[in-house]
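Here's the structure we're looking at; comments come further down.
A, B, C and D label the chains in the order they appear, each numbered from 1.
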Amino acid sequence: MSKYFSKLTSPVIAVILGLIVGAIIMLVSGYDPIAGYGSMIGGIVGDSYYVGESVRTIIPYILAGLAVAFAFRTGLFNIGVEGQLIVGWLAAVWVGIAFDLPRIIHLPLAILAGAAAGALWAFIPGYLKAKFRVHEVIVSIMLNYTALYVTNYLIRNVMTDKLDKTERIADTASLRSPFFESITDFSRMHWGIVVAIICVIIMWFILERTKTGFELKAVGFNQHASEYAGMSVNKNIILSMVISGAFAGLAGAMEGLGTFGYAAVKGGFTGMGFDGIAVALLGANTAIGVVLAALLFGGLKAGALNMPLETGIPSEIVDIVIALIIFFVASSYFIRWIAARFKKGVK
Amino acid sequence: MEYVIEMLNIRKEFPGIVANDNVTLQVKKGEIHALLGENGAGKSTLMNVLFGLYQPEQGEIRVNGKPVKITSPNIANELGIGMVHQHFMLVDPFTVTENIILGKEPSKGGKIDLKEASEEVRKLSEQYQLRVDPYAKIADISIGMQQRVEILKTLYRGAEILIFDEPTAVLTPQEIKELIFIMKALIKEGKSIILITHKLKEIMEVCDRVTVIRKGQGIGTVNVNETNPNELASLMVGREVLFKTEKTAASPSDVVLDVSGLEVKDSRGVSAVRNLELTVRAGEIVGIAGVDGNGQSELIEALAGLRKTTAGSIKLNGKEIRNLKPRKITESGVGHIPEDRHKHGLVLDYSIGENIVLQTYYQKPYSKAGILNSKRIFEKARSLIKSYDVRTPSEYTPARALSGGNQQKAIIGREVDRNPDLLIAAQPTRGLDVGAIEFIHKRLIEQRDAGKAVLLISFELEEIMNVSDKIAVIYEGEIVAIVNPKETTEQELGLLMAGSKRMEAGGKQNV
Amino acid sequence: MDFYQVLQIIIPSMIALAAPLIFTSLGGVFSERAGVINIGLEGLMVIGAFTGIVFNLMFADVFGGWTPWLAVLAAMIAGLLFSVLHAVACITFRADQTVSGVAINLLAVGLTMFLVKLIYDKGQTDRITETFPRIDVPLLSDIPFIGPILFSNGYYIVYIAILISFVVWYVLYKTPFGLRIRAVGEHPMAADTMGVNVTKIRYAAVLLSGAFGGIGGAIYATIFSNEFNHATINGQGFMAIAAMIFGKWHPIGAMGAALFFGLAQSLSIVGSSLPFFKDIPSVYLLIAPYVLTIIALTGFIGRADAPKASGQPYIKGKR
Amino acid sequence: ACGNSENDDKESSNGKEKKDNFTVAMVTDTGGVDDESFNQSAWKGIQEFGKENDLEKGKDGYNYLQSKSDADYAKNLNTLVREDYKLIYGIGFLLAESVGEVADQRPDSQFAIVDTVVDKKNVASINFKEQQGSFLVGVIAGLQTKTNKVGFIGGVESELIKKFEIGFKAGVLSVNPDAKVEVKYAGDFNKADIGKSTAGSMYSSGIDIIYHAAGGTGKGVFTEAVEQKQKDPKREIYVIGVDSDQAKLGAVPGTDDNVTLTSMIKRVDVAVKDLSTKAKEGNFPGGEVIEYGIKENGVGISDTKDNVTEESLKAVEEWTEKIKSGEFVVPGTDKEFKKLGL
């Protein structure tokens, strides 16, 4: 009990501090922080529509966060989640359009295609790191751009005839749910939330309960000792990237099959991959932590849209608050230090 | 009497532990003063306090009779205190000179004056006969030379009091001899030395006085010429220690390991093991004696499958295992206590329990259908921790938090418990205190008596002589001689290891 | 178009595209050489771009032609100040350096866009009018053959970028300060025992990286976008990190890598009008810089090791 | 700025008993209402409509919501529906999908989309004949090029931008069959650096007039031209702006020069105001596609034409008449262009 409590204290304090500093910024800029936060909360849980939209926002954050966290846990920095997400999106949509199958086959196939594409895209930096010791960070940064341009090209020249977006996926491949729509007043909340939760469990299970996870983490901590213990360092590096990439690809598939139902030419990155880094780190790279962080992150982002309309406060204030929270979590040493001071003072 | 250093009633706490409790250390000018204690007794901590890395909670430090506050290594340097750390404090990609001048760089117009620096380094190294190449990169030079660089660093800063924290643990016998010579030269120049070592022989040889600490507490100071190793050992451990490991005669039977014509290249592609011939039988301990850098590391790595070999054969129980994957080799019955426990032996961020199954986690009962059974894993860990006397708060403690000796015990437990036909023990007691060494030697002999083949690699002649049933001397990647420990002397071995005398029959004969 | 003409088009644009990357990656070199990972370079560029543009808009009337230079100076100071956050978090409060860098990136975009909306009441600033003038470098541009390619139609600041990378090299490899920076990044405890103040050196290095990142951002905004909005700095900071790694954490290497990126990008832009490239689908040219980088890393640049202590907070006495 | 918004807030939240105004609102794409392009223009139209009908910004009058990413379109549209706006615009073809979807969900609300077609009963589609305006600036370029080489820089190749390209090409070649038109797509609407370098290479290769239809990327084209002009004031190079009068981007600091030749104007504001008025009067053209061309005053060239010669202006007038009368049909696709046989 107390163990969990202390694990939670510094993130909670960080969130509170972040919100306080955000309020100060609003005050200084001449806005009313109470109205601001009020409208933000309204935008998160104000009514069933907003709840549904908030849940929808959280889905890709969970998956992108898992992707980054999984790699981190095994000693790799997958900064390429963005690119993997983009190719996963496209692949899932492609399967969603190209086939005519019963739902029970079509939907899983489309989801798997997204995961496979993401995995394949992450395989490249994994393989190059394993074989040539090339830094995975640069390769995946480069592959982000490559993914962006290649998918744009494919959408425009292969999947369509110079159009900016693909046709809609077949209903049999859609994650959309009339049920969710009906209970949330036409929000776009979709079954992806179930996929995300399954992935959370998968990540936890792989890392904490399987021999594969044991190897992956060991290789991440100490390659020499892992090799000595008979593990294949190269295989595990690649496997780790592939699993991470599959999560990222799923994040894209959720967007393609759930939120949008199509893939469109992108003018730039979706940003979800980079936000995934923040989610993972905020969640201390654990499965459950990622869920909590995604809830916070996605909730704030969803709520932010409501602020300009209701109060005229630029929605960027929420980005500032999120950044500050991450700062404070990172500097938890600082929080502990303050807390220790405080305790001493009380005594 | 005039003391250059006085540490009076020092107390240093770490969260949950008192590392130094009321310890007093007084060093006279011009003496070599030994600091003795078990692993984790608090020696390094005390010295780090003296060097300004830690602040004591209590106690007083005086330098040349004057009370001082040493709040940083800088101040220690200014007071003429220099320290050669247990783990070298050298910047690998830097040259020798750069390492020495760091923090006190001679410069001209904002630019480091490398010429003057090198000149000064050369002068110092001549004065104290510390052979170094000022332009060599640290990564490229031997441990012995690295240590000389460490010493030069302190001298460059004008140190009058030098602290050596376990300087000999990493050195070959030759290098130890050199170091002792250097220390004596330093004393002649008027310096004072504090020496931490677990090797009582060294204390008897070079030191004037010894201060003993046990579990963080000062036990007292004795004059070396009024004591003997046995007394020192029991002062330190608090009980009698047997030095000569007791063992019965060996009864070797079938050949377990048969190496012939083995060729291995080192990381730079230079031939490190050449046409090596070696056999180890069940029920015997074969010790490999040799000066560091004669192909021992490459040989072990080749045997364990961590390094590819280019020619020859390695047979285990008659089956070829050359160039197999490490796991295949382990599974065919090889246990391996690696040379570098931090690099190869342990995943320091894993719990001690997880480390105990590092070789077997994928087998039943620890995992089934790819799923780990943590209950069985930690059960196993508990039982090994108990039977190998690994001192750890719990099986869930990260391996990183254990002392070197206890880490080593865990590794040995892990390897022996798998019941391998061949146990390779590389430097198994490096840096350990006499109690731990005794324990490990006993385990090795137990294995032998259980009919296993044991291959022991060590730079410590004493260990080789004591434990082995047969000694193979390695020189420049070849086994140049095989001798019976009962029929040889350290002198003869030393000559063999230096390559000056080869046995007529070469390395091929079997005793 | 003959080849010479092609060079005349490609090379100046390559150098111009490289300049912001050069500055920023040099900042990265400082920080990481001292053992502090700086993923936040992107954010520092954002701060630099914002400050450069806002300063330019505010003071163009006062300083006239000097405005862009002073704007870069202001951006340098802003980047330096902003990087204090990263320094305090990573060095004093032992934050995870990657996390802190990610926070820097988010914060920079959030804060600057918040301010833009506050100041200009819209999603981007006005456009600046005082930009860096195009110049032919006196004397050098008259050199036959290479003059028109290398020294014509460029910007002074771009040549300064290249010169600065040599200065940084000198500082890192020839001065006591540089020696200490590198020592702190490799083995902080060794440096500490030698009387080097690890904290001070790391602060200095991180602040320098902020200053350089700020300059990089300001140059980019002043030369290319002429205004500031949420997309002005869009991945250049990450490219600078790539250049730094590609250049093996070496100032000259980083500069070379930045020039390479510039060349590849310039080729992808100009390429489609060159005879040889004309028939290649544009997507190949677009991805060329990135794919070439990967191939180069795999093929001949090979492994490079990061400074050993980078990523780890230094805690006295901990091993 | 901040004080104002606070007031807005009070007014809008106090006015709970919603008056029976005809309220309109729009959802921008990620560009925002100050993108110096169609979002801005649309917002201008809505503001003008508001002024004419005594509406105020806020829940009882007119408003806009900015999207931060593609995912926000549907949510923003939905939010506006929930706030009971009578007419809701989706600005830009990027919103087509979302407008269609929300229109299905909310059959009682009225929507409009700009720049594309959404075939739904309660959606009116506003389209422009950009090729016509582009043709006119093409005529000017064709007549005024000294090198007989002109350039076109598009943002991302698509049906829409193709209309600009084809119209421009047709215009140039109609008056100057010897001229060469070099076409390049930046692959992005938001990369000023690519625009700048592309323009740089075009000017170096002898092109002297560039028409851009590339949004933010196009701003880089202006930057390059201005810098070249600054360095060498004698150089005759020009840019043709797009969507709105972009002359202020082309001013060369410290001189009276301007590198803007003219701009192709697309009157999104006119169209938006027009449609809002129709809807208010109860004539909402749901399910219809309304095309705005030269005739409808929906496209044309900018008022700033200091750099345009008399001769060109006359030619423009002539062609305008021909197009208005239907005597000449400007091509908008590759196919139509080929048919023209230029």
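The rule is short, and it goes like this: a contact is a pair of C-beta atoms (placed from the backbone, for glycine too) under 8 Å apart; a residue touches a chain by one contact, two chains touch by 3 or more.
Chain labels with UniProt names: A, C = ABC transporter permease; B = ABC transporter ATP-binding protein.
Here the structure is a predicted model, which means the values were calculated and not measured.
The chains that touch chain B as well as chain C (ABC transporter permease) are A. Two chain pairs, A-B and A-C, are compared here, and A-C has more C-beta pairs in contact (counted per touch definition above). When each chain is reduced to the average of its Cα atoms, B sits farthest from chain D. Chain centres here are Cα means. That of chain A (ABC transporter permease) falls 47 Å from that of chain B.
Centre to centre, using the average C-alpha position, chain B and chain D are separated by 76 Å. Per-chain CA centroids place chain A (ABC transporter permease) at a distance of 28 Å from chain C (ABC transporter permease).
Distance between chain centres (mean CA atoms), chain A (ABC transporter permease) to chain D: 35 Å. Multi-chain contact residues of chain D (touching two or more other chains) are listed as 2, 66, 187, 190. Shared contact sites, meaning residues of chain B that touch two or more other chains, are absent. In chain A (ABC transporter permease), the residues touching two or more other chains are 29, 149, 152, 268. Pairwise chain contacts in this structure: A-B, A-C, A-D, B-C, C-D.
Across the complex, chain C (ABC transporter permease) is touched by residues 48, 51, 53-54, 72-74, 77, 83, 85, 87, 89-94, 98-99, 101-105, 107, 110-112, 153 of chain B. Considering their complex, residues 85, 88-89, 92-96, 98-100, 102-107, 109-111, 113-114, 117-118, 231, 234-235, 238-239, 241-242, 245-246, 281-283, 286-287, 289-291, 293-294, 297-298, 302-304, 306 of chain C (ABC transporter permease) touch chain A (ABC transporter permease).
Across the complex, chain D meets chain A (ABC transporter permease) through its residues 2-6, 8-9, 12-13, 30, 63, 65-66, 68-72, 74-76, 78-79, 82, 93-94, 97, 102, 105-106, 156-159, 162, 187-190. Contact residues of chain C (ABC transporter permease) toward chain D in the complex are 1, 5, 8-10, 12-13, 16-17, 117-119, 121-124, 127, 129-131, 133-135, 153, 220, 223-227, 229, 231-232, 234, 265-266, 269-270, 272-273, 282, 286. Residue ranges on chain C (ABC transporter permease) touching chain B, taken from their complex, read 174-176, 179-180, 182-183, 186-187, 189-196, 308, 316-317, 319.
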